[in-house]
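Dropping the structures in below, format is structure tokens.
In what comes next, chain A is part of two complexes: it sits with chain B in the first one and with chain C in the second one.
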Partner chain A sequence: MEISRDAYRAIEDIVGAENISDDPAFLDSYAFQWLAELVRPENSHYMPRPWAVVLPATTEEVQAIHRVCNKYGIKIKPISTGWYHWAAPMKDNEPTIQIDLRRMDKIISIDEKNMVAVVEPYVTCAQLQAEVMKLGLNINIIGAGCSTSIVASASTYFGAGPSSYYMGNNSDNLLGQEWVTPGGDVVLTGSLSSDCGWFCGEGPGPSLRGVTRGNMGSRGGLGTYTKCAIKLAPWHGAAVLEPQGPPPAYRLPIPENTRVYTIGVPSWDAFAETYLNIYDNEIGYIFHRQFNLAGADLAPALWLTYLRPDGTMNDVETASKDPEMQKLADEGRISFQIILQGRSVDEVKLQDKILDAIMAKTGAYKVGRFCEQDFAEFTHMYLQRLGHKHCNFIWVGGYMGSWMQAGIPDFVKNYSPVAIDGFYRDQKQSDGLVQCGGDALMGCGSSISGGGYFGFEQFVSYDPNDKASVQACVKHMYDAIDDCKANGIPLGKEYIYLMIGWPDEQIWNDFSKAPQTFVLHFQRKIKEHFDPRELGDRNYPWLPKGMGQPNFITQS
Partner chain B sequence: MDKKNKLIAIVGAANVLDDPKTLEAWSQDESFVPARRPWFVVRPQNLEQVQALVQWANETRTPLVPVSSGAPHFHGDTVPSVPEAVIVDLSGMNKIIKIDRRNRMVYVEPGVTYAELAPALAAEGLRISTPLKPRPNKSVMASLLERNPTQIPRLNFSLPEPLRALGVVWGTGDVAFTGDAGSGPLSLEAQWQKNLAQIDPKGPNATDLMRLMTGAQGTMGIAAWASVRCELLPSARSYHFLPAEKLESLVDFCHQLERDRLGDEVFVLNAAQAARLFAASPDEIGSLQEALPQWMVVVGISGAAFYPEERVAVQEKDLQIMAQKFSLSLLPSLPGVTHAQVSQALYGCSQENYWKLAPKGGNQELFFLTTLDKAPGFVATVQAIAAELKFPINDLGVYIQPQHQGVSQHVEFNLPYNPKCEKEVAKVKAIFEKASAALLADGAYFSRPYGSWAAPVYNRDATAKHVLQVVKNILDPNNVMNPGKLCF
Partner chain C sequence: MALEDFRADAMRCTRCAYCKWIPFDHVKSWKYAKGCPSIEAGKFHSYSAGGRLVTALSLMDGRSTVTPAVEDSVFKCTMCGLCDVSCKLCRYDMEPLAAMSELRATLVEDGHVPAQVEPILKSLRTEFNMLQKPRAERGNWAKELGLKDLSKEQAEVVFHAGCRYSFDGDLGHVAKASVKILKQAGLDFGIMGENESCCGGRAHTMGHRKDMHTRATHNLTAWKKAGVKTIVTPCSDCYHAFKRLYASTEGSEIQVLHMVEIVDQLLKDGKLKLTKAVNKKVTYHDPCHLGRQGEPFVAWNGVEKKIFGQAVAYEPARPRYNGAFGIYEAPRNILKAIPGLQFVEMERIKEAAWCCGSGGGCKETYPDFALSTANQRLDEAQSTGADAIVSACPWCERNFLDANQEGASKLEVLDIIALVEQAL
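Entry: the complex of A and B
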């Protein structure tokens, strides 16, 4: 569809010529997105190319851009730090302007006493964490790592990370937001809407944040979030993290009030029991299952090679055949990491003692080699900063996270073996997938604030530049869906990924079969009101009128 | 079929009331909201009846006012704002549906009260964080939906905590569950069979339906069940008091205490409020108030699961160090207050004669949210207005409850009065109105805008008000759910 150059000029007048571009070279850098090859024709690495990219600097500029887009019928797709293929435009035949928020990168304020920071969308977790640690505070860094936008995870996307167990999911840490609707209105939530400051995300009366900050958020499909306030958490460590050791396996010294462990368990039943005991005993500062992302068979070989200053990827295969390494692989096959931090040394000693009692009760144990000082310090650095996201892609440059359904420990312990067996089966059937063992399940100790509920993401490593490998991954995604259906398990993350490549009708057909469709019709009505020209994309999902069962319970 | 017969067809004749005495009782509460008599009071017994009532209300355009707690009510939200209303009294839906010890969850109907829930949970080794000495007939669900402050800030990961998911009959007449429960089958039993628990409050999908029900004063729908997160019942406990002559002297200490998540129950009282809270009988309040320090932080410490006594000991040691750092004394008890009185205040329910009404028979609450650093300024504002209007300043009770792990503070003033004395009523009403206006102007956040607070609060942000009205129009297109409240 051809768009009038007047639209381009109008936006250029808002941000200046240097902050808008329709140069194909620039535009393709936005279309080039991780996972695109799984859903695009010919396994292309490119999502649809945006019509233009614009870099606003203020909320007012964002608002003005939205209004121009309304006038000319141009779709809008905001991006801050971006993650996954859905950060790009979704359809080839719908001219979309990518609103790149990188110029909105200010930490507006840090209220140390009241534990609140106000940030713009391009402030990353790493930036804010570095600043607030100087004040004895910390932030919940989401699983996608420290280079991600806080506004994105708090306002419009998943908000869980290894520290959500103690620090809260960013959806709960959200203390107010500034939302530019597709129509160009600026909506303020919580105490901000009463001009009382950024300290409360709820009310007045019903909480407006409920309109958009659901389980996943609207993911750029319902306007742009230009600021948010985030709740900070206590930090009893050094004011400045001072990594030590040779790259890339930087190590963070473990102070007297901190403990870092990798804990193994003999079975998934024991995992659930250990989890529930940790939850009941309220110990832990960071709780995560990290290192299995490399696959249970290869994890020790990879990470211990990674720790060696002279180690290379070429050494991993040999290392993995070492009987000692295989023994360690078995020892850590079902394992997780926990970091204890006390406000005092006495407190961490008590947590340590409690952890020992839990392990004695459930049959859990410390994975010896992973608890030695070098590996513990590496774990400490990895999980406190979450800056090793390159490791997600470490095998062959690509991975897709399947499963990740969250639930209670008994729910997760039941689906984990299904996920493991299915992955192992697909690895055997195709050499397009990295042969790392069936268990590449990793994830946060809690996907909600405070624990009791979590999920594991299966790291399916594939080569994005090898079509056979890409297709093996896609096959695995459909296999995982079939495995879920066969075992009565709700569908996982692979389903959401695949949906990006489906036509609307296919998505709606699936949605219409959902047991409860009320929310999808609610979202349609919200969209009709706040996005009448449909400038946002289907990352904010909805269901056409008349589709799906009404939510009625017949009178008994 | 006339209205009464239709209602009888839905809930049964025994559950439709329209005698003058009953209607009169429901026509007003303890607030200054104008009285208005409802036409009927109905008592549904299950979700299906609630849904039928809402569908009928849509067909007949009849206003419904849902109420879960027993009297007395305090904020005007249970008093009809429009004529021809039907009170939906949910107190008969009082089943504790399930206690899930393993995942520390409890599932309750709206009529379950704090007095009923506490012993049932204790039998399973559980508890929930409660408001300060709730009246025994206070609905757990209503309290959580209205975001009443709870006593343990470290557990308060969000203001609605520990509320997690709801089964709701929306104003449209649809039934839909909130949170993760909104993605599964429309039946708790069917979800439990699949090992699905209703623990994640977010969602379903891109919406947080539960959050649209909180603070709504029954304007969006009627919740028929709620899932609530529990804590382990402590097996070791102690409590401590940090006195001060001035509130300002406690602020920095409280900031540190809340930041470090030290202790369970944490709140601040002035002497007047403490005397009412701790007194064994109304007769003792005056003398007790004289003996108490002007201000105090109350800290409850507990231990559960492994090594409970050691947990208490470690926290006590850390608390001692912190108190010394801020030059505060740490008292194990208050003069004239027994161990049993403190226990009852922190962990129990009020007696039938609600403790806030005990001194004089009437009490006007004035509350809002702010940050701790601003609290002393707001206290000074209300004290000045009370003094100006000749209210006995020593009677002004102040309660400051940290929320959301210390980020925000519920600041509450209590003005006791004799409801039979017109002069006292007029004085308290004048203070309430003047202080409310002054606090609003000074930046106090009225996050729960009851009665006369609603108009000035929503007039502050026309856009937010409009968005809320759009939401209301979707969820309750005929405005049958408690019309006239908030901005609806």
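Entry: the complex of A and C
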């Protein structure tokens, strides 16, 4: 089905002919999305092809496009820097305009005194961080890395990252927003709506943060966010990051007020205790379990090879067989990275002493090789900028994160062994997954502002160019769901991913069994108000009338 | 290779968009974070390396056909290779630049050649240069210099001026400065004079591989006859063609040196003294073909293998071109050795350098795009407070000079060898 030429011309009139395309190859470049092969028929790498892609430059243009879509009944799907299967249209045979926001790439303002920045959707975390560091400030970069859009992470998705422990989640750091609803209205949220500036997400003015994003965000399913303000955090490092050395493992020298460690612990109990003690004592700037994405068995072989500019995967294979490397894998089997940063050298020395005391108490230890200067400087660069997050795909280009339930440390320490055993079992059953040991759990030290609550994602690597491997990953996703159910653990990321491929009825059937389904009915009413023609897609979840329990649950 | 050989690259692309940016660790500002001139101009995802991989896949699978829009997205790219560096920060199984080159060649083989290319190719085929100049004028710059003519004599070293230094009146002095330095160093060398031929490198990057093969055959035959074992050139385009393309496509093992490597070594050996002050504040632009694409070629003929179940390795190990071993320090050493010269760096340097806009045939086929790309580089150069932008490639310099005439930049555009001559 072709898009109405009248609609096409109407949008063309808004943005100019050079900023709209319905060329099939161009559209395929938007339909081709990471994870599509896990949910699409025949494991196709393509999500449904949009009927046109458009590049607006202003909020006014976005609004005008939305209004044309309303007139002609065309679905709306914005994308900024993004990747993910849910960045594409959801359904076949449903006319969808892909709104590519790359022309909206400006930093509108940086309020140094009040620690607030206002940005458009195509400003990446790397760009804003580079600018605010010049002012002694920093931003929380989400776990997906610094290539991501700040507006996307703050307005439409989780927003957690290694620095959330100190700086907060971007869902919390979100202040005022400018939102073009699917219906074509421009809504200002928080203090912005009262003409009081961008400084607050919850008023004075309507407190719409829960409406626009909730916990998980609408992932492009509820219109287009055209600007947002983000809370900034203090930065006590250099005004400009000056990486050293050749690619790929650039290194960032460690200044006197900073410490960078990889800390190992003897057990998951010790992990939880160490984490809680660090959190209780309010030390640390970044807390992350990063390098385990390669799998605990292979992490030392991979990362020590990665330090060499001419290192190859063949070298990783050789290194993995070295007994010394296997010893190092055992030493760092349950480990994490922490960066301490003080406002002064004395302060970081104090943090260091506290960390030493905590380690003595919990049996934690520094993983020697990973704390040597070369690797520590690499770790410093990696975690301060998060410019290597594409290493998520380093083994073969396919990675799917299962689990990732967030909770208090005791919850995480209890589900981690289940996740490890299940992943290991699935690796042993098939050659379809990268055999990296059962523990490829990676994650940041906080899923809410200030720490105390976190989760791990199991890094399942598969070959997108090998259908059997893709299918092994899909099997693992369903296995993980079964493992969760069998152990009384809430479902994780794999469930959210799989849902993208399900028909509406299947999703609604599952939703109707969720606790407190009134939330989903409330969201339906929000949708009816802001999206009367249903032009946003089901990434904004809701339930039809009559399904599930529509009322509040009262506990007896 | 064939386009089908890059199917796995396309299938394994995750659309992460690293190919659109400089390596993120090197981002120092909002303004100079972007790395891909093509998508800056074309805006749609198809104008990025990742987008072109999908285009290749879509064409191979018959999901789409070659339209004017597709042609534009494939050819409006300087092939600067920044995407390749950024992609390989985290990947060992992707070759985006090689895949884009293959896509171009495939389109060309299928008859999709931009109309503006025809006269340029005609000139290459008949006059042995792409500047549409008479072949007979090629050696004019060297007249009265008393250089050995290697079409008649023998020498182990040939100085190859290249098309741009041979025919471009604004830049011809660089060829003369080069031979002056080589003479001063006591090197036994010669030139091919009017029998010198275009390297063919630009034709190759534009997708016209047969034309490069013809030029390569001509050059390699002539050099062999003259007993040449080393080629010296001040042109980074030629350097890349001889060092990487001739080696990979023709099996050439001849030694290739850029003038900056010669000068750097002469300075280190004390055989060249720079004594005259050059009181300028300059910044240096890394040519793509000398920098990130100037890495040594390593022959490889292997196959993919799986390790750890599904991870990708190669048998034997595949050489890794990620910009780590380009020629970056030699030109900087030279600039730092010039008395009175103040050298300042731009934000995007070495493997992360922004392209001048001239590469991939864009100077010839998309001149407006080439100039807008150059203007962005000049803007960055001006932001350093420099008086001049220095480079080591005539194509970069020509494009900067042209952009200077149209843009806001008042920067002087200098060749590094010309600067050395001033300091002698």
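Throughout what follows, the second predicted complex is superposed on the first by the 544 of 556 C-alpha atoms of A that agree within 3 Å, B and C clash if a C-alpha of one lies under 4 Å from a C-alpha of the other, contacts with A are read in each partner's own complex, and residues count from 1 in each chain.
In the analysis below, a residue touches a chain if its C-beta (ideal position, glycine included) is under 8 Å from a C-beta of that chain, and two chains touch if they have at least 3 such contacts.
Being a predicted model, the structure only gives us computed values, none of them experimental.
Trainee: Quick check on the superposition: with chain A as the shared anchor, is it clash or fit for chain B versus chain C?
Mentor: fit
Trainee: In the superposed arrangement, does A:452 touch chain B (first), chain C (second), both or neither?
Mentor: In the superposed model, A:452 contacts chain B only, not chain C.
Trainee: So, A:102: does it touch chain B (first), chain C (second), both, or neither?
Mentor: second
Trainee: Applying the touch criterion given at the start, work out whether A:335 contacts chain B, chain C, both or neither, answering first, second, both or neither.
Mentor: After superposing on A, A:335 lies clear of both chain B and chain C.
Trainee: Just to be sure I read the superposition right, which of the two partners does A:313 touch: chain B = first, chain C = second, or both, or neither?
Mentor: A:313 sits against chain C, while chain B stays out of touch.
Trainee: By the touch definition at the top of the document, which applies to A:202: first (chain B), second (chain C), both, or neither?
Mentor: Only chain B; A:202 stays clear of chain C.
Trainee: With the two structures laid over each other on chain A, which partner does A:398 touch: chain B (first), chain C (second), both, or neither?
Mentor: A:398 sits against chain C, while chain B stays out of touch.
Trainee: Who does A:347 touch here: chain B (first), chain C (second), both, or neither?
Mentor: Only chain B is touched by A:347; chain C is not.
Trainee: I want to verify one number. Taking the Cα centroids, what angle sits at chain A between chain B and chain C, in steps of 10 degrees?
Mentor: 130
Trainee: Shortest C-alpha to C-alpha distance from chain B to chain C once the two structures are superposed, in angstrom?
Mentor: It comes out at 22 Å between the closest C-alpha atoms.
Trainee: Could you please specify the touching residues of chain A with respect to chain C in the complex?
Mentor: For chain A paired with chain C, touching residues are 18-19, 21, 23-26, 28-30, 32-34, 45-46, 53, 55, 81, 83, 100, 102-103, 107, 123-124, 126-131, 145-147, 240-241, 243, 246-248, 250, 252, 298, 309-317, 320, 381, 385-399, 427, 431-436, 461-466, 469.
Trainee: Hey, which residues of chain A end up touching chain B in the complex?
Mentor: 111, 113-116, 136-137, 168-169, 171-172, 175, 185-191, 193-197, 199-219, 221-222, 231, 233-234, 276-277, 279-282, 343-344, 346-347, 350, 353-354, 357-358, 406-411, 414, 447-450, 452-453, 488, 490, 514-516, 518-520, 522-523, 525-526, 529-530, 540-541, 550-556
Trainee: Flag every residue of chain B that touches chain A in the complex, lowest number first.
Mentor: My answer: residues 47-49, 51-52, 102-104, 147, 155, 157-161, 170, 173-177, 180, 182-186, 194-197, 199-217, 219-220, 229, 232, 255, 259-262, 304-307, 310-311, 314-315, 317-318, 321, 369-373, 404-408, 443-449, 454, 457-458, 460-461, 463-464, 467-468, 470-471, 474-475, 486-487.
Trainee: Which residues of chain C touch chain A in their complex?
Mentor: Going by the criterion above, the answer is residues 7-8, 11-18, 21, 23-30, 33, 39, 43-46, 50-51, 54-55, 57-59, 63-65, 67, 69-70, 73, 85, 88-94, 306-318, 320, 322-325, 351.
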